[in-house]
Each structure stands twice: as C-alpha cells, then as structure tokens.
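Think of it as A, B and C in the order they're written, each chain with its own count starting at 1.
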Amino acid sequence: MKSLLLSVGLALTATTAMAETEIRVHYAIPTIWAETQDMLADAFMAANPDVKIIIDGPAEGYADGVQRLLRESIAGTEPDVAYVGLNRWRILEDRGLTQPLDGFLPADTAAAGYTPALLSLGQYQDVQHALGTSASTLVLYVNPDLVTQAGGSMEDFPTDFDGIIELAAKIDALGDNIEGISIGRHDWRFQSLLGSFGGRPMLEDESDITFDSDEGMAAAGLYQRFASEGGMSSLSESEARQSYPAGTLGMFFESSSLLTRFEEGADGRFDVTVLGTPVSAEENVYFPTGGSAIVMLTDDAEKQAAAWDYMSFVTGPEGQKIVVENTGYAPANSIVLEDQSYLGAYYEANPNAKAAHAQVAAHAGPWFSYPGPQGVAVTDQIAAALVEVTDGADVTSTINDLAETLRLELGMK
Amino acid sequence: MRKHLTDLMLVGPAAILIVVFIFMPVAIVIVLAFTDYQFGASSANWIGIDNFSTLFGSKIGRKALSNTLIYAAIVIPCSVGFGLLVAIGLHNLSKTLPRISAILRTVYFLPVAATMVALAVSWQMLLHPSLGLINNWMSMFGLQPQRWLSDRDLVLYTLAVIGVWQSVGYNMVLFLAGLAAIPSTLYDAAEVDGAQSGWAKFWIVTWPMLGPTTMFVMIVTAATAFRIFETVAAMTGGGPAYASDTIVYALYREGFVYFKAGYASAITVVFFLALLLLTAIQMLIVERKVHYR
Amino acid sequence: MSAVTQSEVSGRISLEGVTKKFGEAEAIKNISLTLHKGEFVALLGASGCGKSTTLRLLAGLETATSGRVMLNGRDVTKEGPAARNIALMFQSYALYPHLTVAQNISMPLRLGRMSALQRLPGAGLLSNSVRGMQDAIAKRVLEVATTLRLEKLLQRKPSQLSGGQQQRVALARALVRDPSAFLLDEPLSNLDTQLRGDTRDELRALHRRTQYPFLLVTHDQSDALSMADRIAVMIDGQIAQLGTPKNIFETPANIAVATFIGNHRMNMVPPGEAELLHTAGGQCHVGVRPEDVRISPNGKLEAVVESIAFHGEETILRMKTQNNTTLRTMLRGTQSLPSQGQTVGLAVEQSAMHFFDRQGQRQKVPQ
C-alpha cells in the first residue's frame, strides 16, 4: 500500500516535472488562423503531455507580426517558436534570430515528407532556417458563366496565355461593367509568371538580378498584353477581389489561399473554378510559394528539443491535415498529399482545392525575397514598374531600368 | 530654501516624465536619422545626411513630398471654403428652419465622428470601377466611368476629395461657433452704412470678423492635411506606383514595412520641422493680422 | 400739444399708424410720430417698452407689420436702410473692430459712392477716377474727424480707443454723410457721469450746427428733459404723451406719465382719500410731487412716518396714511424733522396738484 502511494506520488511529480516545458508560440492573421492554431496546439499536447503550448495574442498580419518579433527580441521576450510569412522569415534570419534546423531534421528528409522543393522554401545558403507550414501559389480563378457567354467553354479552356488573352478580350466585350482578366501588379505575381516561363528573379547566391532576361520580358510583357489585347483595366488588388466574387470579372490570377473567401463571396451566383497557372516552358518551371513558415527562436537547448517536437508535428502529416482542412491552404508536406488516408475525402469534396494543391506539389518553389536592408522596399518598386508597363510603358527599357535600379539599391554592383 | 524644495518636488515628477517620454524619444529619433539603423538590428552605422539626401533626391522621396503638397494645396482651401459656405448656409437656415438646420448639421458632422477605416471601406465600394455607385451614376449621365483609385493620374485627387468631405463637417462646426459670436449690431451697422447685398455684408462684417476663426481652422486643416495617412493606408497603400504615396505613409512604410528605422527617423525629423515652421508662420500671421482685441 | 398738429408734408420723417408684431406679440401698437427738420426729439421709456423697435423701424432695420413710414412725403415702408439714408448711432457703437478709425468713418461713403469693384483693395492704383473718389472721401473723413477731435486717432483701431473716443468715432461715422435723419440709441448710457454732461452739451451743439432731425432713444429722463425739444414718452408699445419737456413735466397726460417723469416718483392719492386735499378728490386721483408736500399741523391728511432718509441737502420721508397709501415728502434745509412713528399732518398748495380721473387721464379742475 505504502509503495503504491509512493509510486503514485512519484508518477505525479514526474508528470508535473515533465509538463514544465512550456513553448510560447507566435502567429499572425487570427481571422484565418485562430481556430486552427488552437486545434494544432491541442492535438500536439494530447500526443505530448510533457510540453505545454502557450499561444501569444496573435498579430493582425504578417508585417505586424515580424515587427512585434523584432521588438520582443530587443527586449529579450521573444517567443520560442513563431509562424511568419514565407517571404518574411529572412528578415529574422538577417538579424540572427532564427535557429538553424539542420541538426533537428531527420536524415531522410524525403521520407518525412519534406521534399527538396518544400525544404527550399525555408533555406538560405544551404542552411535550413524555416519550414513551410502552409502554402499557396498563383492560380487562375475562372467564372464559367462569363466564359460560356463569351462563346468559350470550360471543356476546351485555353491552356496557354495567348488563348487566355483572346478569351479575356471576348469576355471584356460583354459589357461595360464586365472585365475580362485581372492580375495584381505585384512582385509575387510577377515572380509567378516569370517562373511559368522558367525564369528566376535572382541568381541562387543572390549576387545578381536575372529578371531582365527573355523570360522576364515575356512575363512583364504579359501585363502589357493583358491590358492592350485583353482589355485589362488596372483594378487595384482590393477592387479585383470584390469584382471576381461579384461575377463581373471573367478570369483572375490570384493566390490559391483566397479560394474559401471567393467561394463564400460568390455565394452560389456562379461556380468558382480554379485552374492551374499555364506552364509556358519545358523546364525550370516553378511557382513561388506564399503562405506561412515556422521558425525556432529559442536558444535554450531543453526548449529547443520541445520546440522541435512541436514544429515537426505541425509540419508533419497530422498537423498539415489540420491546416488544410481548416484553412484551405495547400499542405507543405508531401506525405499528406500522397497518402490518400489523410486528405482523400477532403479533395473528393473540394476539386478546386485539389487543382490548387496539385500545382504546389508539382511546382512549389521559393518566393525570392531580395537581400539586404532594401529587400522589402524594392518589391514596391517592382510593383510600380509593372504599373507603368501595364499602362503602356516600353517593356524592355522599363524592366532593364528596374533591374539596374535593384542592383544599385541591393548593393549588387 | 524650503519653498524651493517644495516647488522642485511639485514640478519634478512631471518634468521627469516629460524628459523620459518626450525629449528622450525625440533625441533618439534625431540621432537615428543620421544612421542606417534597421529595426531589430544590433548595430548601426553613422551615415551623415545620406537619409536626408535620399528623401529629397530620390524619385520616390520627392514623389511623396510633392503628393503631400498637392494634397494639402487642394484640401486646405476647399475644406475651409466649403466649411465656411456650409456654416453660413446653416447659420442662416437656423433662423427660419431651426429643425432642418440641426439635422443637416449632424449629417455634415457624421464623417468627422465616424472611423476613417470603416469609411474607407464604404468609399472603396462606392468608387469601385465596375461595381461602384459613382461610376454607375456617371454612366447614367453619359459620363465616362473613371478608375478613381487605380488611375495614377486620378488617385491623389480622389483622396483629396475624400479628405475634403471628411473635414468639412469639423470646419463647419468651428465656423458656426465663430458666426454665432459676431454681434448682430455689426450687420445692422453695415446695413445702415449702405451695405445692401448679403455679399457686401459678408465682406464688410462676416469675413473679417471670422478672421481669427478662419486662421484657427486653417491651422487645424493644414495640420491634418499634411498628416494624411489613414485614407492612403486603408484605400490605396500609396499606389498605384507611388501615385498616392504621401510623406506620413512613406514614413510608415519605410519604418514599419521596410524596417528602415534610420530613414524613417529622417522623414520624421523633416516632417516635424516642416510642421513646426508652418505653425510658427501661421502663429505670426495670427498675432499680426487678426488680433483685433 | 401744438407741435403734433404741424402739417405732415413739411415733416422729414414720420411713422403713420405703425404696428410691429414679433410672432403673436405686439411690440409696437399703432404709433404715429413725426420728426421735423431741425428738431430734437427724445423717445423716452423704460427698457422693453418698444423704443428700440421704433428706432429700428425708422432706420429700416425692421419692417412694419402694418402702417406706413414716410420720408419727405415718400412711402419708404418697404425700403431698406440704404435707401432711407438715415444715420444711426448704436448703443454699443458697433464699430468694425478690424478697421482703423478712418476706415470706420469712411465706410458709409465708400458704400454709398463706390461700386463693389471700385472698393477692391488696389483699385485706386489702377484707376484715376477711383483715386479721385478716394481722395474726396479722405478729405471728408478728415473734416468730420477734425470737428470731433479725432484727427490724431485716424490710424488707430477701435480697441485702442477709450469709450468716449469710440463714441465720437461712431458719431463721426453717422455724420460723415448727409443723412435725412440722425437716430441715437442710448448714446450716453456707456459713459461715466463726467463725460455724460460734456457729451450732452456736445450733442446739443452738434444738433444746432447741423439742423438734422435728431431722434434720441433713452431710458434716462434727465437726458431727455435736458436735450430734447420734444419728448415722446413710450409706455408698453404706445406713445403715452408727446410734448415739450416743460409740458410733459408740468402737465403729464395721465398717471403713467406722471409717475414716470420726475426725479422722485409722484405721490398719487386715490379718489376718496384725496378729498382730504381737495374737494375734487372725491372723484379724482390727486398727484403731488414729493417736493410739493409740506408738513403742517393744519394738514387734514394724516400719515405715520415710516422711514427717514437723509440725502445731504434734502431729506426724504416715507409715510403711510390710514388707507395704506404710501406718500413721500422731500424736505429741504434745516427745518426740524419729525421722528419715526410720529403722525404728521400733510398740506399741499392747490397749484401743485395734478388731477386724474378714475381711468388715469388728466382732469382739468377749476381753481
């Protein structure tokens, strides 16, 4: 009896001692992530009772989130683990805040579902700083009703940009309020079109800008052709995001992450249909991937172990299943895609999600973020150049000037 | 001696708070303005006036400056002028139809009381090129629909109109108070002196008597106009292609999106000095010109 | 009363049966009043009696609800102040605070002689004729300013002037043109006693010199009595009596006027009790000014002394008769005073008595 009590007592002390590892987690965009984060934490703690996950109050957006992490790091109160935008973890890396993950990764990364393409999302100079937790790429949203009205059909929908531009012009001619096509004049959309032609914005070692190539000119030229031939009026991002679900925009290149929002917005007025972005080259095609990544910030060895357990859980198939089912983002783990037992039923019910996620699996690639203190600032300059090109400025000279400007600003020269 | 000590004790806490929370941050900002400090970085380099030459020398910096000036040049006179016009209208209306005048006063004041971000959303919907009411009306009257927020040549003026719309109500209230304070015998005197039209009475009595109010309204409107930020942040993000970039939005963007704390500090310093200068000039004019009593 | 019967045509400005209503309230009830050339008329009344409204009706700042306003035989009822060319000096002076003294004085001329375009700043630089007008106006302003001793203050702002100086500026602004009549709204009420006397003399002199019809609105009977040729006593929106100061003081037309005029309120002994003073008092009110009441052992009217107030040269006794009528008497010099609570007899010379019938109208009583 006495020994029984003793062992119960030991067991109790053991669990309390084990449960003392607390991991503080930061995330942003509660409108998308709040419930998913709670589910991930609960599922993880159920499997790992020795770790307690504490979720910080979320930041409004990824920009705010990074700001807060920087502030907290100055004060020494940063969380142990943080979800950040896929294009923003480099800011933390640049300040030396992220812990390299190579020591934690299993020897056979592919077997764990981390394909080289997916790992590339969180690598810089061959060091793994982040792991993708959710992914999105540029897809083509189509309004089938408008396509049919314009004399086209979803069955023989054009598979190249020439066909799409031709269709866009026909849809555009349907009425004053009807727009044929729209694409945001934005760094990430541009990188996506560039990738469709097999181009890259920069050299791998970030020593030079490479979008002033034939592929770059073709990609930037598409903006101009959309406008001049396809009748694209330069809707702002938020205007286009209102027009498509309202049923007045025929085709819309946008992030796959907006699928749920558009389906809700269209509210049955038409069948929101997702197609892959046309692939215009034989090889080197990739689509820069947006979404979120997770980074480790703690430098405490004991906490690092627990933090890694959490990270590998949320980036593993179980965690990714939760992410996909609740956010509509594409998963950043190949097992969850390949093994029907995880998401087979989900994709059966959501063909649009399948189309979007298949593109991630096939062509996911890094969203290049430009190095140095001007890294974010130059993306706005790229956007400005795309506005000019759309409005009719000469493609070759504008893009060449832009590349030169970037080389100067980024200190590549 | 004892008295001095008590005085010090009374003044001390407030003085320390002012030093800690006002003077120190300002000093830090001024120092940062001469460095390339990046938000979150552990060190920074002294780069002299590079930040300032970038602001005044680069295309983007100059665009933000000129946009802000154009915006202010439209908003200040229009908002003050319409505010005065509406105030005079409502002031006269209140003598004959006080109920309707009170209702209209509330209507004009609504934009002032409402949250700008919420209003920005409704403006975005109204101004939407294909779905918006405004373009629908335009085409109903046979006018060419416009891309109010995505046309580079138009966006700044659209924002300026919204800025005027937003501040007219506030100026109107200030002018109404000013009008109520004008002694009615002055209007009688003007009439007896031979001012027959309302126009003549306006120039002889109303306008000069509103001098101090007008000056105050101008200062307030100028300060808000130069600080234009919310509409830009909520509706255009400075775009397209920096066409609606303004100085405070650039300050926000450089500091909190690009994390260039040094450059953002330089913008802050310039902006602060400009506003200080403006206020000083206006105060001088107020003292000289419209000080009747 | 003879002045009222002068012919209408010769009068420069007149109100004919004018009534003014504000909403339902009648502020002015059927008033007729004529101002003749060279005449100084005072409109005397307590505050709220309608005298300011009458003045505004004459000036054209208010429009009559019914009745006519005539100017030199012309009906100007519907015309504004500009068309009537009437000068008005406001009680508050109503100077333009942002303009200099010279600009204030010149305003009626600038508005009367120059178009809006010609009044624009800088117009004088462009046009010779405008410059000519400006010079003429400046000359006239200096002239008027000099007569009112303002020539050294022309470049000051009103806020830099004393009250008396401000008033002279207001006078100058009214005088600078050639008005058809000159209305003064309580011109003395903002001045201290010393300045009041001087200003009275000055206004009288001004009137003699200019011969404009003057209308002085005042609540102070000493102003009216000392300055005006005729006084119109206004009570409750109506003119209770119109006449010379002497006429009004000596033969008040009714009880209201009788008790309003005079340094000390006239005693009024009601019918019946008044019989103790005069046989006619059985049916009449008998009014006696306090200075005419004597204490006399032969006095039939007896009263108890209630209070004694010593005012230096004079002493005022407040008394009460058996019928609870309050009487005052003013005693001069060193005559012996009764003590408080003492019953005294009161006597009055018949010539000092004013008789009013039961409706309050003056009665002639044979001696």
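FYI, contacts are C-beta pairs under 8 Å (C-beta built on N, C-alpha and C of every residue); 3 or more make two chains touch, one makes a residue touch a chain.
Predicted, not measured: the structure shown is a model, and the values here were computed from it.
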For chain B and chain C, chains touching each: none
Chain whose average C-alpha position is farthest from chain A's own: C
Identity of the most central chain, Cα criterion: B
Gap in Å, rounded to a whole number, between the CA centres of chain C and chain B: 54
Chain centre separation (chain A, chain B; CA means) in Å: 38
Chain A and chain C: spacing of chain centres that average the CA atoms, whole Å: 91
Touch list for chain C against partner chain B, complex: 56, 59-61, 80-82, 86-88, 90, 92, 94-99, 107-108, 111-112, 116, 157, 159, 173
Chain B-touching residues of chain A, taken from the complex the two chains share: 63, 66-67, 69-71, 73-74, 91, 95-97, 176-179, 185, 233-236, 238-239, 242-243, 246, 248, 373-374, 376-377, 380-381, 383-385, 387-388, 391
Of chain B, residues touching chain C in the complex: 183, 185-186, 188-196, 199-200, 204-205, 208-209, 211, 290, 292-293
Chain A-facing residues of chain B, complex: 36, 38-42, 60, 124-125, 128-131, 139, 145, 147, 149-152, 236, 238-242, 253-254, 256-260
